[in-house]
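Both of the next two complexes hold chain A, though its partner changes from chain B to chain C.
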Partner chain A sequence: MRRVLHLEKIFISQYLKQTMEYKADFIVGVLGVLLNQVLNLIFLQVIFSQVPKLAGWSLQQIVFIYGFALIPKGLDHLFFDNLWIVGQKLVRKGEFDKYLTRPINPLFHVLVETFQVDAFGELLVGVILLVMSSATVHWTLLKVILFIVSIPFATAIYTALKIGTSAAAFWMKKSNTITYLFYMFNDFAKYPVSIFNHLIRWIISFIIPFAFTAFYPASYFLTGKNVLFNLGGLVVISIVFLFIAIKIWNKGISSYESAGS
Partner chain B sequence: MTNFLRKYRPFVSAGIEEAIVYRANFLLFALGNTLGAFVTYFLWKAVFQSSTNSSLNGFTFPEMVLYIFLSFFTGILTSSDGSSSVGDEVKDGSIAMRILKPISFTANYFYEEIGSKLIDVGVLAVPLFGGILIYQIVGKGTPVLNLVNLLLYFFSATVAYLINFYFNICFSFTAFFFRNLWGSNVLKNALVIFMSGSLVPLAFFPPVLQNVLKVLPFSSLLYTPVMLYLGKYSAEQTISVLLLQIFWLIFFIFLAKIIWHFAIKHLSIQGG
Partner chain C sequence: MSMIEVSNLTKDFRKTIKSPGLVGAFKSLIKPKYETFEAVKNLSFEVPKGEILGFIGANGAGKSTTIKMLTGILTPTSGYCRINDKIPQEDRQNYVKDIGVVFGQRTQLWWDLPLRETYSVLKEIYNVPDKDFYKRMDFLNEVLDLNDFITSPVRTLSLGQRMRADIAASLLHNPKVLFLDEPTIGLDVSVKDKIRHAIEQINQEEQTTIILTTHDLGDIELLCNRVFMIDHGQEVFDGTIKQLKNRFGHIREIEFELVNAEDANRLNFSQFGSAIEYSQNEKNVRVKFDSSKVSVPDVIRLTLSQVDVQDISVKDADIEDIVRRIFRKEAAEHD
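Moving on to the complex of A and B:
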């Protein structure tokens, strides 16, 4: 474990050096990510200026769900964004070879190699929103503990979907568009599932289960109801999906053929 | 002849395969982006269901549905990729090759983009715009399909694309100063999405903000063509918004020329 942390530290500092090469651009980018979230909030504000409640949820409650959604999304973005590159070019250009020749697990190496600092924009906004709306939640010690526990599981759902879909590149050479299509479903997670039709509700609950990264756990903290489905479901789904994703990844690696020159 | 065919057939099928793979990627990306439009659709549906009014700020629900999907389609139609490719080319130094060529820098980008845009829009127009038309014909309470509005829409959307192209070219010249364009692109896109009305129709903002946004060039990029399609403008308003669009187009063409004049002196080519 210490070796893992040590490696992670080296990789992060290397990556920061790379990013800092273009400092002005980087700072502007973080501002841009922040602004994007602020504008989305204005959008919510506009919606709630038309109606007092949306499908039975108040603005404060929606803000809580929205803020909750940004935390696992931001954490996955911060630590595991390199997975995109696997499906985009690492396999296609044969650059994946380097991970196979190193004395560490290739998946681990891919995961820790980059550190996407612009994710701080999402995380910061997420925390601010949660703090702003935390008064709507009736907090108990149990809820605080469950909140902390639920975050890594929710993050694992994001990472699992990215591992599984980027592993498709081992057969197809390029799979980032598939990852993108899956990933875009996270937009649905930020709102109460009851506003969607049955098909979409079913997809975001069990096929591309982003609803478990935000709405379901957040609705437990807001209402205190259905802990078994809302949080138990989160734990089960994230373990199952991570397990399947790693299986796909390992199968993919064994059929990887180096490409390019 | 058969010999000739046998020899060259693999090349043809390789070409077709490549084109299909490329378009399949493009379609998957487009499908991913469509999801965002569907989220917006369901949100507004819930809003109209929760509201006691049948029209909000002048929009009925069918009009809002048209607005959402039409603004999504218009966004693709008028998108311009110039700024990110200039950024990449400044980063890896290949921009030098473009500048060395004895043709206009801007025209070079323009014709390259037009080629791929024709195919991309062609591929998407059938499912997206077709879907919009079918909804308009079959759906209940939808605005009647109007040929004049349709023509106004395509004219206005073409001008919108040109404004966007020159705006992005102006913007891309900041790469000569900032080197990497990732950050400023993120910031620009967020602002444009908001101010052009693709996130929320401008009619939903407070009157003061609305009036400012309607004069700024961003409403010309998206809001104007979509509102023309929906027939929301009187004859007088139609003329004034079209004139405003043309004004902004001329403005950005000149601005691009002026910035180019200064930026070219600032360019330092970085290694490969």
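Moving on to the complex of A and C:
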């Protein structure tokens, strides 16, 4: 574990050095992220000022759910964004070879190679929204602990879906459109699932379980009800999905065909 | 005991057959047709510790596929390889600690950062202790002259510098086996020379077992104790370079510069049969032949009797010619 953290540190600093190598690009990138998040905040302000209540949830509660949704999404984005590149080109162009000739786990190697600074925007907005709406939650020590524990599990759902779908590239050569298709469902996670019809509700709960990254855990903190389903479900779903994703990934590696050189 | 043991190694790829054009692409999307392509068929060989094996063959012969199975990148369809007492696919992470890999066409260096940064990251990845690392860097600096460009970003390096840097990167952890896939491709003579010298030195000092694929006869002649040649994924030759030349005849090439390009029409080598062939480019006529069947003076005498010649040069054949020759012979035997 110490070695894992050590390598993580090395790779992150390496990535930041690379980013800073192109100064203008870096500065424009940071400005872009800030602008994007400011616009997001304004947009949310407009929506929430028009919709005071949604399927029985008050504005404050919806802000909490929305803010909660951004935390695991932002963390996954920050640390594990390189998975997109697997389905986009690493496999198709045979660049994945490199990861297989190094004495560290290839999945770990791919994951730690980037550190997507853009994600700080999402995380920042998420934290702001959570702070703004935290008065609506009746906090207890237990809830605080569960809140902290639920974040890594929720993040793991994002990461598991990205691992599984990008591993499809080992057979299909290119799979980032599948990752994109799955990833788009996370938009549903920002709102109470009760506003969707049964099919979508079922899909985002058990097939592409983004509802467990935001609405279910957040609704436990808001109402204090159904801890078994809302948080227990999160833990079970994230472990099961991560397990399946890693199985697919490992199977994929043995089907990897590289590319002619 | 052998450092590398390869037994009945086979790799099949499944390919989609597509009719040409956009319509064909649509058809194959709806009803794909597959065919199996055998890239490597039943290869078996052994390499003792400390040997440099030249692994040669035409483009598409299955060299890279074989190297990729040996390095653990690809999983064989059947058969196995055991290297340094490990099966690469079963124990990959452990296995790669003791091997170094260079693919001449790709780089494993961090593109945007000074070269030195790559080495310090690789040091962490391979868990090389400080003391060994500095000693190793000194040695690599000495044989590959890295000091001139070690602080430059990798993207600014010339091809020759990059290749030297890549070879150094593959040797940082002092591997027992080194795989070099076309390490001299596209390099000028002086850089080639430096790299060959470095490979030789590394092999001698550390008893590193090396598998080298190349299209350059010079690499093979200077470095390899042994040559292994494949074609269509199958072994066609295994032995020393001398045996290779003896067995497949000395291919010689003579280039004549004619006084008049039109004279080439008058050339007629039919009396030598299939042992000879020639090609023409303006005033230059290249004649290739098997010197075990046709003598050099005979070819020159016959040519001079048929056309007016300005200049003559006699060359040794390169590996490509020998390889091509072997393949034609093999093909003829199959028919």
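Basically, the second predicted complex is superposed on the first by the 229 of 261 C-alpha atoms of A that agree within 3 Å, B and C clash if a C-alpha of one lies under 4 Å from a C-alpha of the other, contacts with A are read in each partner's own complex, and residues count from 1 in each chain.
What we mean here is this: a residue touches a chain if its C-beta (ideal position, glycine included) is under 8 Å from a C-beta of that chain, and two chains touch if they have at least 3 such contacts.
Here the structure is a predicted model, which is why all the values come from computation and not from measurement.
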> With the two structures laid over each other on chain A, which partner does A:L100 touch: chain B (first), chain C (second), both, or neither?
Replying inline: second
>> Which partner chains sit in contact with A:F120 here, chain B, chain C, both or neither? Use first/second/both/neither.
In response: neither
>> If we overlay the two complexes on their shared chain A, which of chain B and chain C does A:V28 touch? Say first, second, both or neither.
In response: first
> Residues of chain A touched: more by chain B or chain C?
Replying inline: B
> If you stack the two complexes on chain A, which partner ends up touching A:W171: first (chain B), second (chain C), both, or neither?
Replying inline: neither
> Just chain B (first), just chain C (second), both, or neither: which does A:Q14 touch?
Replying inline: second
> Does chain B (first) or chain C (second) touch A:F229, or do both, or does neither?
Replying inline: neither
> Which chain A residues are contacted by chain C in one complex and by chain B in the other?
Replying inline: 22
>> Show me the residue ranges of chain A that touch chain B in the complex, using the header's touch definition.
In response: 22, 24-33, 35-36, 39-40, 42-43, 46-47, 49-55, 118, 174, 177-178, 180-181, 183-185, 187-188, 191, 195-197, 200
>> For the complex, give me every residue of chain B touching chain A.
In response: 21, 24-25, 28-29, 31-33, 35-36, 38-39, 42-47, 49-51, 56, 178-191, 193-194, 199-200, 204-205
>> Help me check something: in the complex, which residues belonging to chain A touch chain C?
In response: 3, 6-7, 10-11, 14, 17-18, 21-22, 94-95, 97-98, 100-105, 254-258, 260-261
>> Quick check on the complex: what are the chain C residues that touch chain A?
In response: 13, 60, 64, 68, 71-75, 89, 92-94, 96-97, 99, 101, 103, 105-106, 108, 110, 112-113, 117, 121, 124-127, 153, 181
